[in-house]
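One structure below.
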């Protein structure tokens, strides 16, 4: 598992966030989701472990709402970065 | 259920967020609700499952307050995008 | 109850948020309260049910603090919309 | 108690928030505290009840931290309103 | 203990927040910590009590994360006040 | 352990946050992670203790989501400081 962990750690050093700019609000929302998930992977870098836990929290309304809150926070950032896609 | 899931996943690829601009503050609030719900659907894409859980958390004041907080966060974004509908 | 629910749903289609602009900071705070309550009513549209739950969460300090947090989030939006009522 | 409640409700109609502008950051922090407490009083207008609960949550670290978070949110608003007291 | 409480209350009337401006981001972070702690002291002014509770919540990951969130919220304010220490 | 604690306290006095400016969004995200961790270390300065607790909260979805929320809050600050890395 240590190896697995090292592999993940290495992956996360790779470029995954070249820019906050997106074509559309919807792509910006998708980026907010990615940022939320990265924020979880920081503390639990083992993707297998995260996958294993998913059925548990995916059925817990409070967890689902909390995830939605994190996405909302990142979406604020991404939307501001894109001038709210106004034009 | 896997098929069902795939169908949902496909739906969510469709355009649902063409713009953050709305005519009125109230439509902006409705958009904030949509964004909150999308943030939940990301983790639990099965609409049947979400519907099934609803009676449970709809009677839990803390869950209701938490949902309201997520909506408030998105409403900040939508309101800023619309220049607060000032004129 | 379904009828009741439909009636509520209809109510919420009515205009309740024509503007974020208020005369005074205090009216802005009142609007933030309204927005918080609307965010709860979205998930639990049955006003009777909400009323029934009130004595329960109105005595739970953590629920009271959480409500206050939602109001604070909306007050940020309303205050910004009003240029903080600076002049 | 209903009378008591009515009296409180009347009190809260009185002017308590004429402005977000304060002389100093520290007065701004005090205003953020007031706003947090008002947000609690909205749901639990009975001051006696709030006082009674205080010893309970004043010893619960998580409640104390949550209150501090609400104050922080309001302080963002008050600080922005005052241009961060920069000059 | 009432006397003790009065003493604390008096202390908190003293000037502790003359400005949000700091020389460096790191001093700004330290100020955000102070603001978070002041927000706790508002509800629990007894420093002895706060100290007594510390070993308890300092070992609870969720409390630690919640404190970190409050600091993050205040750091937003302090950073904005300082123009993000850009030059 | 007291010595250990003192050593940590001394470490945290060292410069660790010279600037909020980063080359890329991804480095900004890494800085947001550092800020989140510093916010935890404030209350629990014993690095051994923090490490010991990690397996526990790294398997608790709600803790992971809460950490991700703190990172999101700091990322807002860092992104704004960097003008969202727009050019």
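Points worth noting:
Read from first to last, the chains carry the letters A, B, C, D, E and F; within each, the first residue is number 1.
Note that a contact is a pair of C-beta atoms (placed from the backbone, for glycine too) under 8 Å apart; a residue touches a chain by one contact, two chains touch by 3 or more.
These figures come from a predicted structure and were not determined experimentally.
Copies chain D and chain E of the same chain sequence form an interface built mainly from non-equivalent positions, shared numbers / all numbers used being under half.
To fit its Cα atoms onto chain C, chain B must turn through 60 degrees, a value rounded to the nearest 5. Averaged Cα coordinates give chain A a centre that lies 34 Å from the centre of chain D.
A straight line joining the Cα centres of chain B and chain D is 29 Å long. The multi-chain contact residues of chain C, meaning those touching 2 or more other chains, are 57, 62-63, 66-67, 69, 73, 76, 80. All chains join into a single ring; listed from chain A onward through chain B, they run A, B, C, D, E, F.
Listing the residues of chain F that touch chain A in their complex gives 24-26, 29, 33, 54, 57-59, 61-69, 71-73, 75-76, 79-80, 84-86.
By the touch criterion given at the top, residues 15-21, 35-40, 42-44, 49, 53, 56-57, 60, 62-63, 66-67, 69-70, 73-74, 76-77, 80-81 of chain F touch chain E in their complex.
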